[in-house]
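Each of the next two complexes has subunit A plus one other chain: subunit B in the first, subunit C in the second.
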Partner chain A sequence: MSDLLDVRGLVTSFDTASGWIRAVDDVSLIVGKGKTVGLVGESGCGKTVTAMSILDLLEKPAGHILEGEILFKGEDLRKVSAKRMREVRGGEIGVVFQDSREILNPSHRIGKQLINAIRLHRKISRKQAKMRALELLDAVGIPDPRRMLVSFPYQLSDGMRQRVMIANALSCDPDLLIADEPAMSLDVTVQAQILDLIDSLKEKFEMGVLLITHDLGVVAQHCDDVVVMYAGRIVEHGSTRRVYSDPKHAYSKGLLFSMPRLTNVCKHYFQTIPGHPIANENLVSGCRFCQRMDRDKSVLLRTRPEYLEVWGDHWVEVCPECYKG
Partner chain B sequence: MKNKGSDLLEIDGLCIHVPHRSGFFRLKTGVVKPVDEISLKIPPGKTLGLVGESGSGKSALGKAIVRLSQPSSGKIYFEGRDITRVRGRKLRALRKKIQMVFQDSKSSLNPRMSVGQLVEEPLRLQKVGRGWQRRARVAELLERVELPRNAMRKFPYEFSAGQCQRIAIARALALDPKLIVLDGSVSDLDVSIQAQIMNLLLDLQEEKGMSYLFMSHDFSVVKHMSDMVAVMYLGKVVEMAPAEVIYQQPLHAYTKAFLSGVPNPSPFEQQAPIALQGDVPSALNPPAGCAFGHRVGHVRYEESLGQELPFEEVTPGHWLLRCPCCGPI
Partner chain C sequence: MRRVCGLILIFISLLAGVGEFFALHLPTVHIVFAAREIPWLGWAIAGTLCVLGFFFIVSSFMRETSHPVTARKLSHFRRTKTGVYSLVVLMGLAMFSCLDHLLVGNEALVTRYDEVIAFPAFTKKIEMGDDYGLESHEVPNYRELNKAWKNNDGNDGWMILPLWPYAAKGDPLTEEASFVGMTSEGGDAIAALYQGLQVNFHMALVYLPLVTLIGIVVGLSAGYFGGVIDFLIQRVLEVISYVPGFLLVVLLVTQLFENWRGQFLYVLLAVATVGWVKIASDMRMSVKKERGAQYMIASRSFGASRRWIILRHLLPNSVSAALGALPMTFVSLVVSLVSLDFLGLGLAPQEFMTWGTLLRESWQSEDSQNLTMTTLVIISLFLLLIVMVSEAVREAFTPTRFSSYR
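And then the complex of A and B:
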């Protein structure tokens, strides 16, 4: 087993007023050691739910994992005890959540939050934990770590707070880092700093990184592999270079074309994907992207499209309308 | 003062200085300068893109232009007329011509009003037409922004972020304005929806010949929309040029750093590392001298101390905030 994280056929469902919704429908992905995998898709496609399923952080009792295996270092996280899961989460798997403002406790100083998190996973003294916290804050490029320890979250800028979140995620030398939109609400200049930081730390600690984002530019620069999700399913996955140079699925193509680029000419029209992501309530069993495109009903698949390996490790969902050989 | 040039909007040395008070007695402890000595022009039918990081003062400028806030000094000319201090009936008449679309459309739409009421509201307040005429106009507007017919009776919560943005655009269009201030109007949307909204905005501009002031923190989005681009940093415009020029030959060090930070969407080209540290300094305690030279710790930063940095035209149409550390020599 060389793969750090191997998710196989994950199905996550939510019990809502309008029935069971399969927010994640048969998702498989692999994150190797020292690799970054980008999970992209529009909002509501199930990226975050996938991450939360891996971490066993689904909102209960509404959310359930119905099927699939989540193998982390060969151990199925669905089968382990709650105690072991607590050790894994935050210990062996570090997490950076989307909104640092909501995650950090506003009434405790940064130092206290970091030290507590470290001591939760390691049997070390408060003093040692404090040294470790200082070390971490220094590693994520915070100018004055000592002052940071006694600051409250509201005193920090968004970029600084995100760095504290990363320091927190790294506090127990994780093998895998799950970063859910780590730089979404930040300015490009700060965003670039944060992502470069994750890259350099990945190399230093030989982590695997699962980077969840909707920014295809970020994926191009920072990920080895890319997984494109639409409406709970993976439509295409492969190495970033393969997928970007030769996208096979109509949805991946659409996403790449509708992206604003600096290399495009000024003031020009985009090629876009018509419609908007479909609501999870009325999903069809056939190809879901066809549903959005309002294609002719007679040509639609009735059953779920199969996967085809078009190239070494480049997989695509083959629907006759969305994938033209 | 009348007929100042042929531009639709002209801003001359606009400042918004807000006294900062703190402590028990609310004593004045400093001055925050969200907008400091800004001069811009927007010709009719064109788009000026305004880029800057958060906290650079883009929104403050936008709000001053639509007269939601009062500038402390400087002048705003619209169609050659000074509108800096218009009030009452004249201001209401002006609102017909300048409209704004906010960043977070969901929270800018009243959740208790139906979409029909929301789009009708500007027409009603300006007393345009009779009830049935207004309703016909609303239907026409909703169709123009490609919303379904039955949208009129629905409420904002029933729509996605992209559709709410369309409602906000329909509202802004209702009075056929000459200028629309778009404050980060596409930045929170998914790429495919963002592209749709931008196409819609480009179409509308061609159709009606409006001008846009398009504000965003995303350089690549601005490129798709603008004829002219102005780059803002800490309350000042550091560089302004026609769009093609600024992307090919940026002169100011900040523009260059900002451009290099935009993620390159090609996995085959390595992105050049950017020489930019830290965040935008707070507008409360701006560094003396060149604010950007201070952030990067430029060797010639000292020279800019105590100097008034001039905003000059370097080549025709290309304006630059001259300073010893950040510009070309």
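And then the complex of A and C:
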């Protein structure tokens, strides 16, 4: 059985004033049916760009996918026709965007937008679509769905909008949900609700989920696998349990240790990762984490470390400095 | 509101159709069939108007309450008193100009002679003098005829004349010419002023939709597709907007359209050549801004097609910026027409008496300062009205005042 989503060697590049930058540099990841994969990494490492590349939603003409295969149900999304791509978007892959502020057209009512989105993929009447919209709004925990249908986006709070957006993404029972920080602007209880909702839908429909988040706690709770990304590359990837109990790459270790836990709250400060993220155009082709740590070993900075399976399904970028067996 | 518009449209198209079918000469609606060389065009226009009317009526039943921001903008517009009054006066003038030969003309509306009732003004058939027992086989002078009949205590017959029974051209004027004078084509000056007003509205009726359509299509494609298309369109826009506009119009009229000098359509086309630029560049700007909005990408992520996105999201959200320039486009149309006619490069005075022509003629003759002054005042007042509407529109519809973004 082929995996639901299988991204292989994805390279995405942007044409900027300071030349081409590779925001995503040779990224591979797999999302199985009914599995949740967490994509973590610090701000600017290319998580959103990865997600956008999968659905070919990059801002043209600046953004380009240069290389790689994006196999969705065994079909390479880079090669399918525009029509098929439209069927996939929304119909088979749902997306929740990170920034929900301008995600809805300010001049149409919520109901109209939801109903239109549903009817793009399903041949059902307006009335049925409306019923479906109400169901969805109810499912994402919107208090008064009927009133919501006739509201305009600017009348909603950010959290409400985010939930409408999630309802929208789930409207056609997608096979894969790409959720880019779906609960970032929600309060903790609602956040938990939303994530539980996604979990239950996942189980019900065997939906695969690619969950992009900063929150390592969320990953621990909801994800089967975790993918750690650093500066456009994947440095470590494995089952959540394994990676959390035994992180191999120095960056993953740093991330995990900087996460507040009950066992380290009594310390005066959280452990943080030293140094600052390097600007995109200055990144070296070798081990980028070494570059950040100012390890001045020109060999390390020049050649890209190999990406190896160090344990059953546990992959790490084996830089001699960052990875110590 | 939409229902009323729909009813009016259907009414107009029916009236035009009936008028054409029975060879009647009805006020204003006959311009639907103005293109005599292409008879089917008139029917096509009438049909389109009718369909449009039905569409308006149907859509009025499905309509939801409008967007609260739009409602706020409209109510702000309504509160700008000068703008509203100007708009009302303008619409009044438009309706006034629609009455056409019901109001101003040298043909009698109804005559009764020899037990026969006739409607000389409303039929294409031209009643001749011998129909009314005159010797000459010529178009009768109804004013004289009326006087004669009245002197005879109405025993011969009676007639109803228009309110201002003089024509702008080809009127056998006698000593009773109106106080502002007479035109070169043998017409009455007040009637000519009235016709000038009509010509303005008729021009605008064709010109504004034409220019808006071109501007929107061009601006949309430049803003949406970007790249080479945008580059080319922008260069064209720049060239046209840096060449003095009126000079370009004059060049077109005198060189390219030389053979059609004075014809309504070609004067209109020449003015339109520069008229669409403002709308197109406004449209381009707002499309550019709107195109990068997140909801465009979001809509794409739900699987919306390009056409859907353009028609449902891009066009409605960016078109209002372009439409704000419409009143000023009207102003520049009127100014261009007056200037062209003043130079004698505009509409042929044999067909249309316009304000510009009046100005030129009265300017050249010694004893018609009255007419010059009157025409100038009328032109200025008319422009002032439109400018006031424009100001109110701009005031209410600037995006920064009320916006649905926060």
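Keep this in mind: the second predicted complex is superposed on the first by the 315 of 325 C-alpha atoms of A that agree within 3 Å, B and C clash if a C-alpha of one lies under 4 Å from a C-alpha of the other, contacts with A are read in each partner's own complex, and residues count from 1 in each chain.
Here, a contact is a pair of C-beta atoms (placed from the backbone, for glycine too) under 8 Å apart; a residue touches a chain by one contact, two chains touch by 3 or more.
It should be emphasised that the depicted structure is a prediction, and the values quoted were computed from it without experimental measurement.
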Practice prompt. Answer with first, second, both or neither: which of subunit B and subunit C does A:Val11 touch in the superposed model?
Written response: neither
Worksheet item: Is A:Leu283 touching the first partner subunit B, the second partner subunit C, both, or neither of them?
Response: neither
Worksheet item: Can A:Asn168 be said to touch subunit B (first), subunit C (second), both, or neither?
Response: second
Discussion item. According to the stated criteria, A:Ala220 is in contact with first (subunit B), second (subunit C), both, or neither; which is it?
Written reply: first
Practice prompt. Could you say whether A:Arg109 touches subunit B, subunit C, both of them, or neither, answering first, second, both or neither?
Written response: second
Practice prompt. Classify the contacts of A:Ile273 with the two partner chains as first (subunit B alone), second (subunit C alone), both, or neither.
Written response: first
Worksheet item: For subunit A, which side has the bigger count of touched residues, subunit B or subunit C?
Response: B
Worksheet item: Counting only touches as set out at the top, which of subunit B and subunit C does A:Ala117 meet: first, second, both, neither?
Response: second
Item to complete: Examine A:Met259 and indicate which partner it touches, taking first as subunit B and second as subunit C; both and neither are also allowed.
Response: first
Worksheet, complete the sentence: The intersection of the subunit A residues contacting subunit B with those contacting subunit C is none
Worksheet item: What does subunit A use to touch subunit B in their complex?
Response: 42-43, 143, 157-160, 187-193, 196, 214-218, 220-221, 240-241, 244-245, 254-256, 258-262, 264, 266-274, 276-277
Worksheet, complete the sentence: Seen from subunit B, its contact residues with subunit A in the complex are 47, 53-54, 160, 162-163, 190-196, 198-199, 202, 217-221, 223-227, 243-244, 247, 257-259, 261-268, 271, 273-274, 276-280
Practice prompt. Spell out the residues on subunit C that touch subunit A in their complex, using ranges where they run on.
Written response: 64, 67-70, 226-227, 292-295, 297-305, 308, 312-313, 316-317, 404-406
Worksheet item: Can you name the residues of subunit A that touch subunit C in the complex?
Response: 55, 57, 59, 61, 86-91, 95, 97, 99, 101-107, 109, 116-117, 120-121, 150, 152-154, 165, 168
